[in-house]
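Please go over the structures that come below.
Next come two complexes built around chain A: one with chain B, the other with chain C.
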Partner chain A sequence: MTSTLEQVGLVARRSVRRTMRQPALIVPTLVFPLFLLAVNSSGLSSATKLPGFPADSYLDFAITVAFMQGALFAAITAGTELATDIQSGFLNRLQLTPLRRAAILVGQVAGATTLALIGALVYLAVGLIAGVDVKSGVGGAIVLLLYAVFIAIAFSGIGAAMGARTGSPEAVQGVFPLIFAVFFLSSMSMPRDLISIDWFRTVATWNPASYLVEGLRSLVITGWDGTALWRGLAVGVAVLVLSFWVASRALATRMART
Partner chain B sequence: MTNDFTAVAGAVLRRNLIHAFKNPALLIPSAVFPLLFFTAFAGGLSNVANVPGFDFSSGYTAFQFVFVFLQSAAFGGVFTGFAVAADFESGFGRRLLLGAPQRKGIIAGYIVAAFARWLFTATIVTVAALIVGMQVDGNAAQLLGLVSLALLANATACLWGTGVALRFQTLQAGPVMQIPVFLILFMAPVYVPLHLIQGWVNTAASYNPATALLEAGRGFLSGQPEVSGLAYLAGFGLVALGVVWGLTGLRRAERGE
Partner chain C sequence: MSGNSHGIVVEGLVRIFKGDIHAVDGIDLEVAAGEIYGFLGPNGAGKSTTVHMLTTLLPPTAGRASVAGFDVATQGADVRRNIGAALQEAALDNFLTGREHMELQGGLAGLSAAERAQRGTALLERVGLTEAADRKVGGYSGGMKRRLDLALALVHGPAILFLDEPTTGLDPQSRSALWDEVERLAREDGVTVFLTTQYLEEADVLADRVGIIDHGRIVAEGTPDELKREIGGDTVEAVPADPHHHERAAEILHRFGEPAAHTPKGVAVRLTQAAEHLPDIVRAFDDAGITLAHLELHSPSLDDVFLAKTGRSLEGAGDESEPAEAPVPA
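And then the complex of A and B:
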């Protein structure tokens, strides 16, 4: 009987290999956020002239959005892969083995997490080449990467929950715009105190995604901002715990059903 | 000949509309996405109107509305391309080619269906914009000008998507239909007027035909038309290219390539 950790390793290895063998997953995850970053930083560069804007360069302000988009892609990858395994009957075959449910769930998100890590490294490297100034220094850049991967794992839990509940890759893809909507209604593109429409500012203030973005962003544009960091971390932990709990319950129901 | 063409186009149109309007999973995203963009851009970025040099007289909501209006038209066309791909993936497209006495009517039917589907989305986006107080300074003729530009964008994207669908005959070609349209749209002055964009995106936007459509559309809405001739030239040029792309795709599908 293998330990849970060994079981996680087995499932994770398969998940990572499967993800890394799909250029159709890797290329958009790397290219799409960088393209939007380039367009937004050029198009909104004049926004830095607004009184009270917290950065001299919109590129510095917006680079963390790429990390968040990478986390979204991780969520979709994790959800789609789990749903594909359900649809193809692979999960049913796994049930014939002594693999634990936790091992399946945690191992399944390994591919998405690896993809998110590669994405984060690329975004940071491209950002630094383009002139991003990380105010918190080298240590901050490392924390930024770890933070981004942590958020990607938390979001992978959302993807896994959707994948386990629906068992349909199409349905997982269909829910993607809703998650995207949550990000659009946050302080992703403008600091909350500079959002001039009252209801939008209220929505952005109540939107947990704002605190994830602001936590990441603080490392780049402010330095070590304890408040922004702990708020972001708290939201991240809440998303992680809740999403994996829902995913675990959904997987248990599905496994009991089959 | 004309009757065959009209009959085929009408049948394709009817089938497409029934399929689209009876299937919320198809209809809702095409309506929700533009609203989402409109909310995020016009709401979240409204303070951008206070940037020195921002000179659009009708306000930031109207400025963003034109982008979302044209974007929804283009994506309405792309979504119709998805429908063509789905028809071929399920085998219906091959049967349609066998049964249609005038096959160009198939493409015409899809184009008109794209128009009809987009009109639904356009109505929702326009009502939403008016509810949040969008300032409209253009007269009726100018507003019709804006709609005509959107129809050109819709037809171009539909012909592009249909051409791709007829060549690949699978929904997996979806990114090939979507990504170029997305890139062209976002390489235009989305957030601020062209003169406020910096760097290489400014150069790219200067040569982008979508910039002319966008600037002319904004000119119509604000009642101060500008670059209208260039926009129509670009729009009709894109449609002409799209017709060639769509018809050559049809030829390939007929030959079974």
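And then the complex of A and C:
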């Protein structure tokens, strides 16, 4: 009998191989966030002239959006991959082995996580070339990468929960615009205290995504900001625990083996 | 429940799905160690639901089943350790190679890395996939996928093998290659095989014993020969050269025996010692001035058995669809 850790390793290796062999998953993860970043940083650059805007360049301000978008792609990848396994019957195959549920859940998000790491490295590299100035320095850039991957893992849980619940890759993809809308109702494109519309500011304040964005962003535009980092981390942990709990429950219903 | 350690014992097994659908409606059967048991029936008869219950993927609504001496409802893990299964969908990962599949399945079954590699190579060779081992499964033919599926089911050396419609959709050549392999597993390695099929020929050629299932119930069971003998007698079919003579031909032929299943243009009867009656039959047609385009004598087929038991022919009998996936329990 293999240990749970070995099982995680086996499922994870398969998940990574699978993901890395699908250009249809890799290309959007790399292209779309950079495209949006290019559009935003040129189109919204005048925002930096607003009194009290926290960064000199809008690119510095907006680069975190790419990491958030990368996390969103990780969620979609994890969700569609799990749903595909359910739909194809591959999950049945795995169920006939002594595989534990925890192993499948953790192993399955390995592909999405790897993709998120590659994405984060690319966004950062492109950002640095384009002139992003990471105020927290080299150490901060490393923390930024880890932080981005951590958020991606937390979001993979959301994807996995949706995948396990619906068993349909299309359904998982259908939720994509919804989460993106939630992102836009956060402080993603504007600092909260500069949002002049009251309801928007209220929504952004209650929106957990704001704290994830602000945690990431503080490393670039502020330096080491303990409050922002700590809040972002707390929200991230909450998302992680909640999403994997829901995913595990949904998968338990699916895997009704005796 | 008997302690049939390498066989299968099923008593009153029932599975009811949401909407009061009795997919499996109280079946009893016993499969001895080393036997090939053919579970024959049309689409939607309850074959896959039965396999899902016996492989622990679906809890029974009622009844009991023991596989390899373990109860499928309460000793799932023990059952799974002793069985291999190739389920209907041949669920494979198109982005992985054949060898990577073996590695994953072997690893999850508890083999060490070295065992995994050695066993994977041996099994891939056994099913004739050595050359294709390092190609992605997405490029495999239907037959290759089924063979890989079979190899995967064997990775942990199971005593009992479940094959759910292993040759559906395969060309005749791939089909007989798979039959040979299944035959070899049972005869040489003593593996017990529980096989579902909607092909009469498959059950006839491969199975030691056949259970015919229709609407969730077993309507006949026995060796193919027993079942055919039960039907009693051979079938004589005559096709008149002139279609207008069809009615008169039927009249003449029906003097010799019981009406039986026939082709659209022909008439057929079932009778004992058909060979002895053949000259009389020919003479009778001759006296009536009816020329025959075709006259055939054949021993009963499993389709005759199916027809006799259900009133329908097996070919095209599949109407109601059976849920392919194990649905949410009712």
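Here is the rule we go by: the second predicted complex is superposed on the first by the 256 of 258 C-alpha atoms of A that agree within 3 Å, B and C clash if a C-alpha of one lies under 4 Å from a C-alpha of the other, contacts with A are read in each partner's own complex, and residues count from 1 in each chain.
In this text, a contact is a pair of C-beta atoms (placed from the backbone, for glycine too) under 8 Å apart; a residue touches a chain by one contact, two chains touch by 3 or more.
Worth saying up front: this structure is predicted, and the values here are computed from it rather than measured.
In the superposition on chain A, contact is made by A:7 with chain C only, not with chain B.
Using the contact criterion defined above for the overlaid structures, shared-chain residue A:230 touches neither chain B nor chain C, since it reaches no partner. When the two complexes are overlaid on their common chain A, residue A:38 makes contact with chain B while staying clear of chain C.
Contact with chain C, but none with chain B, is seen for A:94 once the two complexes are overlaid on the shared chain. Of the two partner chains placed by superposition, only chain C is touched by A:253; chain B is not. Touching of chain A by both chain B and chain C, each in its own complex, is seen for no residue at all.
Residue ranges on chain A touching chain C, taken from their complex, read 1-2, 6-7, 10-11, 13-14, 17-18, 21-22, 88-90, 92-99, 253, 256-258. Looking at the complex, you find that chain A touches chain B at residues 24, 28, 35-36, 38-40, 42-47, 49-50, 174, 177, 180-181, 184-185, 187-190, 194-197, 199-200, 204.
Interface residues of chain B facing chain A in the complex, by the touch rule stated above, are 25, 29, 32-33, 36-37, 39-40, 43-48, 50-54, 175, 183, 186-187, 189-192, 196-202. Of all the residues in chain C, the ones that touch chain A in their complex are 55-59, 72-74, 76-77, 79-81, 83, 85, 87-89, 91-93, 95-96, 100, 103-105, 107-110, 136, 152, 325-326, 328-329.
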